[in-house]
């Protein structure tokens, strides 16, 4: 339980709704900003008033997954007002106040350093990345089924990268009956691919491999799906690029060859916002209850 | 190879295109009707002329999956003309000519009996139904991912029926990390469910079971998802009914309770027409080459 | 619960011990014969006295898995005495008394017909056969690992038969990373094998197939692993024959070719007697409580 | 191919036989010592003569998996003679000569440092450890099936550690139908366990968890299966400890509680020496061909 904890949720999308619900369920006092156009209303959440003394009680601030832009503004799909967070306001939070964001940038890093508050970029955490790989894989399944006229079962699939997303992708497409190869660069990953019953492709030696396939799933955030690779694909192949923008595919070359190539960022928020919100809420819960001790009797 | 075989493909959808392609690939002589509005043109297929003598050479006629309506008409999405097949025309086919359809009806049964030709309703075949279960399962995956805001992984799924579709559904949702229960009526099926590591629900005794779940997938072509079952579902649950029309769900009751319920027929043709066409082509190939001997030298 | 039920367990092996334990747990009155040399003693079981009136109360008699020999004798590994069951004694049981056996023979069939009691050969039941396939598969795993110097992972395995045992074998060896082919005779089974992501071998056409493999697992109770098949195996191959005696292998030919071939009957009783006993106890429970109504108040 | 390479295989067990076979297959010149009592003879291998000039040509020396004892002696199960390797002899190898061992010790580390040759302790390599996890898992399966009277399917299994062995164990026991929990210490591993559809146990907080289970598999090389953990196990439970000697179990306490506990080292060499030899041969091949360039024309 988070009885006695005060948390502000500022901006965001459908994921934040689940976060707010969970925080409420754990009995935290929740302040919200950026949800004024939401149909549903949160009876138990308090509107955050930036002018009030609420800020002095905050144990945590939860920013949207994309964090803050370079002007200190925060985006919220459920609001038409711009929300901006000032250095002065942040300084008024208690010293122990944790700032959660999905990803960070220089501006946010500098700002939190200046006000001397802990910033927690959630997407950098291994646990969050692994939990998030679950909706990412399911979103990939959906897109692949939508964008092909053949079944995954029986098709030849290449997954590039055996990281946190690649591991789940490879196993799942295998389970669905695809013939899965995985492009890796270390002998350790190659061994794991073999142990999983799949076929490793050594990406340091990629010219030696047959890269013909029906479905190519990229998770490597570098230009690896380049012209020389695309050339080997049959015309009916589908390229789905999951790597963070701008992806790892030469999209214009794919287009020239008539090969469908799709950049698909942000799948967890799209296909499973509730689960994605839950993942974040759970980590927030764990970090709050580990880092901040509440004397419940007096505080709440 | 089907060298020397003459096959007419009459009406249908994207699946037929794959069938025509395959028949061409096996060197059969292919006649087509109902594809005049298709952008793509088949250089190697001959337009079927119902007035000509082509009919006398036909070893097989392939009707669309839904077969023929009660007036003897055949539907084709790539044509705006009505195609009707007359008893007289059919009589002119060689005696050994096989008539393939997806499903049949009284009209087609009677017609083929009168002209004394073998009718093969493909969807009645166990092998076709099992092959078709593959795209059906993938279509189900796609719809479930689209219509929920949580992941399949970690959710509670009930599959009703452990037939040809249910078997694949149960195994696949298990592999994706769902907690799967399967509703069955025989002790044999219950044992198989247990052996697969899943939880059997005895449908002859359904009132004893907790049917709460996040996702309910029905494959039983009888009204089994009735009010008493729907009552047990939480409001966020999704019902996906795969059973042949009208499905096995009390849709109006689900609607009244605010539970999303979707009837999803014809998934193979929707999500994987190429694979679905291939499945049919392969069976046609097998039956033709088994039943009709060609003396290739003279005939071709 | 089986309160008020009287059950005699006569002869058998370690499986019976679990059956007795379970019956006790369900509060049945249990009579035992053939366990006098067991170290452990059953404080709650009553020694069956064939001369007494106990027989008149029996709702069920549980014979060993192999049933009875042609002289009416029953075998028990925990006893050095011969136990014989006479027609006269059986006649004294209540009319509703059920006779459970694993497998039956002419003698037992005739005997129970003459005394007009229901005989239930448990191993003929689909549910029991499927439950029993679980320890059978695990026993097969154990033997294969013991008798090869290479891993199952990465090896080529052929399973003959996709029945109740073959289904579990095929799936399990696939999960362990073997390349699995399955020999079947129907197009339905071939489709299922394909749907499972494995390779079907058409046994009606076996000469067309490459049967080279590292491990051959037979479940077909006919001579299918004959000289022509054995000839195709490399010298390091292992044949494990699970089919009921005498198996389906030409063992002397295998021996001549220097190929290790093992007949492995009765695996559930060997590798998992507790589970195997539980499977039987559960079915006995289900049949007793379904078929025989007890008025507990008066009877117990 | 290893044409032109000269490799000495000194001592060892059945794994070495496979190594020698493979090296021969790759056309290397192979010298052997410690195989004089082997029934089978290697027609293509040359007896290593420590007095001759053979040493000057050696590109690699392959020691047994346990390496060398503190007196510089090497063990071989196919020989009754002691083989000792002297510093002087080693010095005569070409400078590029690679010394392969399974595990190393101070003596061997010092010796190779003094003679300035590269030592490669194969078992320290991630790839080798992952490949070796495959036969380790299969050996574990065999032992568990042998030492229990119930099936893995349906039983509760706890795996301690999600390292290279634990990962394969957890997945495999899950596939066999066990209910698998995995003890881990990082949030990253806990997330992976959840993503695999299994239940994480936080070992930093182990007192909060129910550790009751039927089968406990330890891979953590520290005393983690201590009295407090063993106390929670039912009497029929089996502890199998795979961690390197002396394992991570309080064996005497388990014994006192009447719980069967088995230390099971060296499984790959026991259950699959051929595969285990192959794993080593493949890495040797890769390292030799990467590190040492042969001018085949002149050298061979």
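Couple of notes before you dig in:
Think of it as A, B, C and D in the order they're written, each chain with its own count starting at 1.
Note that contacts are C-beta pairs under 8 Å (C-beta built on N, C-alpha and C of every residue); 3 or more make two chains touch, one makes a residue touch a chain.
Fair warning: this is a prediction, and the values are worked out from it, not measured in the lab.
Contact with both subunit A and subunit D is made by B, C. Chain centre most remote from that of subunit D: B (centre = mean of CA atoms). For this pair, subunit A with subunit B, the centres built from the Cα atoms lie 38 Å apart. Between the CA-based centres of subunit B and subunit C the separation comes to 38 Å, rounded to the whole angstrom. Distance between subunit B and subunit D, defined via averaged C-alpha coordinates, is recorded as 51 Å. Residue positions 134, 153, 177, 195 of subunit A are each in touch with at least two other chains. Those residues of subunit A lying in contact with subunit B across their complex are 14, 134-135, 138-139, 141-142, 145-146, 148-154, 172, 175-177, 271-275. Against subunit A, the residues of subunit D that register as touching in their complex are 125-128, 130-131, 133-134, 168, 186-188, 190-192, 194-195, 286.
Remark: subunit C residues 153, 177, 195, 197 touch subunit A in the complex.
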